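After this come two complexes, each holding chain A, first together with chain B and then together with chain C.
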Partner chain A sequence: MRDKIYKNVTIFFFLLPALLLFVGVLIYPIFMSAYYSFFDLRSVSTTNMPFYGIKNYIELFTSGSISFWKALGNSLLLAILSVFLQLPLSLGLALMLGKGIKGERAFLSIYFMPVLISTVVIGQLWRKIYNPDYGILNAVLSLMGIEGAMPLGGWLGNVKSALWCVFIPTLWQYVGYHMLLMYAGVRSVSPELREAAKLDGATDAQVDWYVVIPCIKNILRVSVIFAVTGSLKSFDLIYVLTEGGPLHATEVPSTLMINMLFLRNRYGMGSTIAVLMILLCFAFALLISAAFKEREYYGRKKHT
Partner chain B sequence: MAEKNTLNAYSLDQYQVGKTNKVVKTLIYIGLVIWAMIDLFPIYWMFTFSLKSNEEVYGMNVMGLPRDWLWSNYQRAMTTGNMPRYFLNSIIVTVAAILISLIAALMATYAITRIIWKGSQLTYSFFMLGITIPIHASIVPIFITLSKAHMLNSYWSLIVPYSAFSLSMAILICTGFMNDIPKDLDEAAKIDGCGLWQTFGMIIVPLMKPALATISIYTFLQCWNELMFANVFISKNALKTLPVGIQALSGQHTTDWGPIGAALVIATFPTLLTYIFMSKNIQESFIAGAVKG
Partner chain C sequence: MKLKKVAATLLASAMILSLAACGKDTNSGSGSGSNNTDLKSEKITLNMWCIATESDSNRHSYEEAIKEMKAEYPDITLNWEAFENQSYKTKIKAAVAADELPDIFFTWSCAFLGDFVNAGKVYCLDDTYQAYKSELPEVMMGNSTYNGKHYGVPLTMNIVGLFANMDLLKEAGYTEIPGTYDEFIACCDALKAKGIIPFGCAGSETWCVTEYLESVIEKSVGADALNDIFLGRATWNNAEVGKAVDTFQKMVNDGYFDPNGISLKNDEVKNNFMAGKYAFYMNGTWNCADFANDPNFFPKVKVAEFPVINSGAAKLGQLIGGPSDTLAVAASSKNAAAAAKYTFELGKKICHYGYLDGCGLPAWTPYGDTSSVNGLTQAVSEICAKADSYVLFGDTAMNADEANTYLDYVAQVYGCQIDGAGFIKGLSKDIR
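Presenting the complex of A and B:
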C-alpha cells in the first residue's frame, strides 16, 4: 500500500512540470478563448465585461468592415494553391530524388534549407525581390526581354497580384518540407516491389504512379493536412510582406485577429476569430482524413 | 537449355528496365538542378546585396558578386541597429525554452514509458494534442493574463509559451528514444537499490543524449524564428528577439539595402551553421514530427 502511494506520488511529480506548462499555456487558454468569445471584451480588464452571446460571431460574419469572409476566402485560396501546385511539385521532386540518383543528399539538403530560415528573413528578402524600383524580379524579367510586366502599384501593392506574390514565397519555402516527408516515404517503399513491377514491364512513370504513390498515401494525407491547416493559420510571411493589405487583398484570419487585438482593442472579437480558426483546422483535418480513408488501399501501415 | 534461355532473358530484361533510361535520367537531373537553383538564388542574392553599396544594388551590378566587398555593412548592422541585443535576447529566450521543455519532457516521458500505471497511454495522447493545436489558440488569454500581471515585456513572457509549445514534440521524440532503452536496465537498477528518481537521473538521462540533440535542434528552430508571440508580447526595444528586431530594423532603413541584408544574414547564420553540421538529425526530427504526429 505504501509502495503504491509512493509510486503514484512519484508519477505525479514526474508529470508535474509538463502538465503545468501544457495545461497552463495551451489547454486552459483554449477554453478561455472560447469563453471570451462570448463577451464584448474591449480592454484587458476582465472584471466588468458585458456578456455578448453570439453577437461577436454574428458581427464577424456579417460586418463588411471586418471582411472576415474575404480573409477566409484568401486562406482557402492559399490552401487550394498549396495542395494543387506546391504538393505536386514536392511529390515530383521526391519521386525524382527517390530513384537513387548521384548527389541525392546534396539535393535533399539544398531543398530543405529554406524551411529552416526564419520567415521574417524570408519575408524581408522577398520584399526586396519584389521591390518595384530595384528588385531582382524586375531585373530578371527585363533580362528575359519582358518589360512592363509589373502591375500598377508594384507587385505587392496591386490588389490583383498581391495574393499570388504572397503565395510564391510560401511555395518556395515549404516545397522542401513536403518534399522531405514524401522522400522519406518513397525511400521506405521496398525495392523488391519496384523491381517486381519493372519485371512485369512497367515503365518508370508507371512504377511511380501505380506502386510508389499508393504506398505513400499516408504521407500524402499528412502533407495535405499540413498544407491546408498551414494556409488557414498562415501569419508570419503575410504579416511581413503586406500586413494583409492592400485593401484586404491578402487578409487572412490571423492577420485579422492581430488587427482586432492591437488596432481596435477588441479582445472578445480576437478570441472569436481564434476559436473559429481552431475549429476550421480540426474540421479540415478530419475531412481530409475521411477523404483519404474512403479510397483506402490494402496493406496500409497502421497510423495513429 | 530452354530453361537457361529464359533465365538469361530475365536477367537481360531486368538489366534493361531495371536501370532508368539515360534520357529520363538526364531530364531528372535537369529538373533537380533547376529547382536547386531556384532555391539557392534568392539566398545567394541576399548574401551578395549584404556586401554591396547602394550604387551596385540600384543598377550598376544587380545580380553579380559584389565588386567591393563592403564588410562595413555588417559593422553598420551590428552598431546602428541594436542587432547584438536582439541576437542576445533570442539566445536567452531560446536556450531557456530548450532547457525547460527538455527537463519537463524527459520527466514526463519517464513517467509515461518506464513506470507501469493505468492511464499512461491516455496521458501520452493528451500531450500529443499539442502537436495539432495552433499557437493562435491561446494568444488572447495569455496576453490578457500577462498584461494583468504586468508581465508583458519580459523574457518569461516568451520563454514559458515557447517551452509549452515545444513540449509535445519533445515528448514525442523522447518517447521514441526511451522505448529503445532496454527495460532490463531499470530492473537491474531496482535490484541494486535505486529508487525511481535515481534510476531516472543516473541511468535513463545519460542514455538519452542523442534524443537531447534532436529535441534541442527542433525547439531551437521553433523559438529562434517565432514571430507572432514575440511581436505581440514584446514592445520594448531592449527585449526584442531577432524576428521582431529585424522587422523594426527594416522599417527604419528602407533605402539602405546593405545593412539590412547584413542583418538578415546575421539572423540566418546560426541556423545555417547548425544545419551544415546536423542536417541529417534535423531532417529526421522533422520527418518524425510529421509522420508520428
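Presenting the complex of A and C:
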C-alpha cells in the first residue's frame, strides 16, 4: 500500500512540470478568454469592466459592421480549398517522390523550402509579385500577350480578386509541409506490398490507390485536421498581404480578432472571437476524426 | 532672422489650437537651461520604444538626439527599439495590457494616449514639466493633458500638406499650385488630359485616405463643424458632410486618383510620387524631410494648403493637424522620475533635430541655429503662421473603437461602396 502511494506521488511529481505548463500556457488562457468574453472590456484595465452576458456573442453574429459571417465564410472556403486542392497536390507530389525518382532529395528540399521561409518574407515576396506597377505577375501576363488582365485597383486591391490572390500563396506555402508528412508515410509502406500488387498485375496508379493510400490513412487524417484547423486560424500571410482588406474582402476570424483587440480596444469582443475559434477548431478536429473512423468501420465491414 | 520670425508666429498661431487647453507661458527660451543635476548623478538603464525605423523620416533626429544625450548623461544607458508604425499600434497596446511597457514609449496624443492614461499605466509629468515650462508652451501640451494633468512630451507638430510635383504641373500649363477649388479641378482635368494621374493615395492604409477626405470635408463645412464631430460634440448626421464626401467621391470617380493605389502602402505611393507618377500627394508635412533629402526631387516639389470648396462655411487657414507625436513614461517604470526628466530632455532634442531635418514644426521653442531648415518646411511654417484653426487628425482625436469604425466607412467611400448619404447615416448610427 505504502509503495503504491509512493509510486503515485512519484508519478504525480514527474507529471507536475508538464501539467503546470499545460494548464498555464493552454488551459488558463482559454479559460480567461472565455471569462472576458462575457464582459464589455474596452480598456486595458480589468478593474472596471461591466458584465455583458452573451451580448458580445449576439453582437458578433448580428452586427453589420463586424462582418464575422464574412470572415467565417472566407475561412471555411480556405479550408475547403485546402482539403480539395492543397492536399491532393501534396499527396500527388508525395506519391511521385515516394517512388524514388531521380533527384528525389533535391525536389523534397525545393518543395519544403516555402515552409522554412518566414511567412512575413513570403508575404512581402508575394506583395511584390502582385504589385500593380512592377509586379512579376503583370510582366509574365504581358509577355504571354495577355494585357489588361489585372482587375481595377490591382490584384490585392480589387474586392473580387483579393481573396483568391491571398489564398494562392497561403495554399502554396504549406503544400511542402503536407507533402513531407505524406512522403514519410509513403516511404514507410512495405515494398513487399507494392511488389505483391505489381505481381498481381496492378498498374502504378492502382498500387497507389489500392495499396499506398489506404496504408497512410492515419497520416491523411492528420493532414486533413491540420489543413482545416490551420485554415480556420490562418492569420500571418493574410495580415501581411492585405490586413483583411480591401473592405473586409479577405477578412478571416484571426484578422478580425486582432482588429477588435488591438485597433478597436474591444478586448471582450476579441476574446469572444478567440473562444469561437477554439470551439470551431475542436469541433472540426472531432468531426474529421469521426469521419475517418466511420470510413474505417465501413471499410472493414465491406471487406469482412 | 526670418526663420525666428516664422517660428515666433508659428508658436503664436499654435496658441489658437482649438483642441488644446490654453497656456500662458510663451517666453521663448534657448538652449537647455533646465536643472539637470539630479539626472546627471543617476546611473540607470532606460528602455525606449518608438516608430523611428530606418526608413522613417524621424530616424536621423532620434539618432542625433540620443547621441547627444549619451554625451551629456554618460551614466544613463538608453536601450531603444524602433517598430513599423502599424505594427507598433498593436505592440504597444499588447504591452500595456500585459503591463510590460518600456520606461519611455512613443505614442500619439489625444484618445490613443488617453486609453493608457485611463488605465493608470502612464506616469504623470506635472512635477517634471515645471522645469521646462519656459521652453515647452503649455498649449503644446494640450493634446496629452487629461483632467488637467500632463502625461506626454510632444515632439513635433504636423499638418496635412498638398504637395505638388511642379514639373508635372508645368506640363499641364500651370506654374503654381492653383489657389481656388475651381482652378484646382481644372488643373486636375488638364493633368488627366496629358495622361498624368493627379493624385496618389495609399488605399491599403486608410489613414492616408483620411488625409484627403478630412481636408475636403474641412474646406466644405468649416473647421469648427468638423472639430465638433470629431470631439463628440455634434452628430455625424450632417447633410453638408455628406455633400463633402460626395465631392471627394466624385474626384475618385472622375479618375483623379491612381486606381491601383487602393492596394498600395504609403511608402509605395510616396515613392511613386517622388518618381513622378502623380502630380499631387496629400499627406503629413513630416514628408518634407524625405523630399528635401532627395536632391533630384527637391527642386520640383512645392507645398500648399488645400483650396476652399465652400467659402460660405470654410476659409483658408483652416488646417488638419496639430501636435500628436509624443513621448510618455510608463507608470510601472522603476526609474519613473528619472525617466520623466530624461524624456523631456530627449524630447527637446528630437524636436530640435526633427525641425532641422524638416520632419515637422517644433512643439518646443526652437533654439540654436535653425537657418539650415529646408525651404519646404519653411513654406509649411508660413502656412501655419497664417493658420486660423486646426482640426486634429480624426483617427487620433477619436477613441480607438470610434476611430476604426470611422476608418472603416472612409475605406468604403474610397472603394465607392457607399456614398455621402451612406457615410453619414452609417456613422451616425454606429458612433453618434
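One rule holds for everything that comes next: the second predicted complex is superposed on the first by the 273 of 304 C-alpha atoms of A that agree within 3 Å, B and C clash if a C-alpha of one lies under 4 Å from a C-alpha of the other, contacts with A are read in each partner's own complex, and residues count from 1 in each chain.
In this section, a residue touches a chain if its C-beta (ideal position, glycine included) is under 8 Å from a C-beta of that chain, and two chains touch if they have at least 3 such contacts.
Everything quoted here is computed from the prediction, not taken from an experiment.
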item	value
Room on chain A for both chain B and chain C (clash or fit)	clash
Which of chain B and chain C A:Gly201 touches, first, second, both or neither	first
Which of chain B and chain C A:Leu26 touches, first, second, both or neither	first
Touched partner set for A:Val211, first chain B, second chain C, both or neither	neither
Contacts of A:Gln124 with chain B and chain C, given as first, second, both or neither	first
Touching partner for A:Thr242 - first (chain B), second (chain C), both, neither	second
Touching partner for A:Tyr111 - first (chain B), second (chain C), both, neither	first
Partner chain in contact with A:Leu141 - chain B first, chain C second, else both or neither	neither
Which of chain B and chain C A:Tyr267 touches, first, second, both or neither	both
A:Gly154 touches, of chain B and chain C: first, second, both or neither?	second
Residue contacts with chain A in the superposition, chain B compared against chain C	B
Superposition clash, chain C against chain B - the stretch among 95-103, 149-157, 167-175 or 275-283 that is involved	95-103
Intersection of chain A interface sets (partners chain B, chain C)	44-45, 133, 258, 261-262, 267
Interface residues, chain B side, partner chain A - complex	10, 13-14, 17-18, 20-21, 24-25, 28-29, 31-32, 35-36, 38-40, 42-43, 45-46, 49, 57-59, 62-63, 100-101, 103-105, 107-108, 110-112, 115, 117, 123, 126-127, 129-130, 132-134, 136-144, 147-148, 160-161, 163-165, 167-168, 171, 196-197, 200, 221, 224-225, 227-228, 231-232, 242-244, 246-247, 250, 257, 260-261, 264, 267-268, 271-272, 275, 279, 282-283, 286-287, 290-292
Footprint of chain B on chain A - complex, ascending	7-8, 10-11, 13-19, 21-22, 24-30, 32-33, 36, 44-46, 89, 92-93, 96-97, 99, 101, 107-121, 124-129, 133-134, 136, 139-140, 172, 175-177, 180-181, 184, 195, 198-199, 201-204, 218-219, 222-223, 226, 229, 233, 235-236, 239-240, 254, 257-258, 261-262, 267, 270-271, 274-275, 277-278, 281-282, 285, 304
In the complex with chain A, residue positions of chain C that touch it	86, 89-90, 93-94, 96-97, 115-116, 118-121, 203-204, 259-264, 268, 272, 277, 399-401, 404-405, 408, 411-412, 415, 417, 426, 430
Residues of chain A touching chain C in the complex	42-45, 65, 130-133, 152-159, 162, 242-243, 245-247, 258-259, 261-267
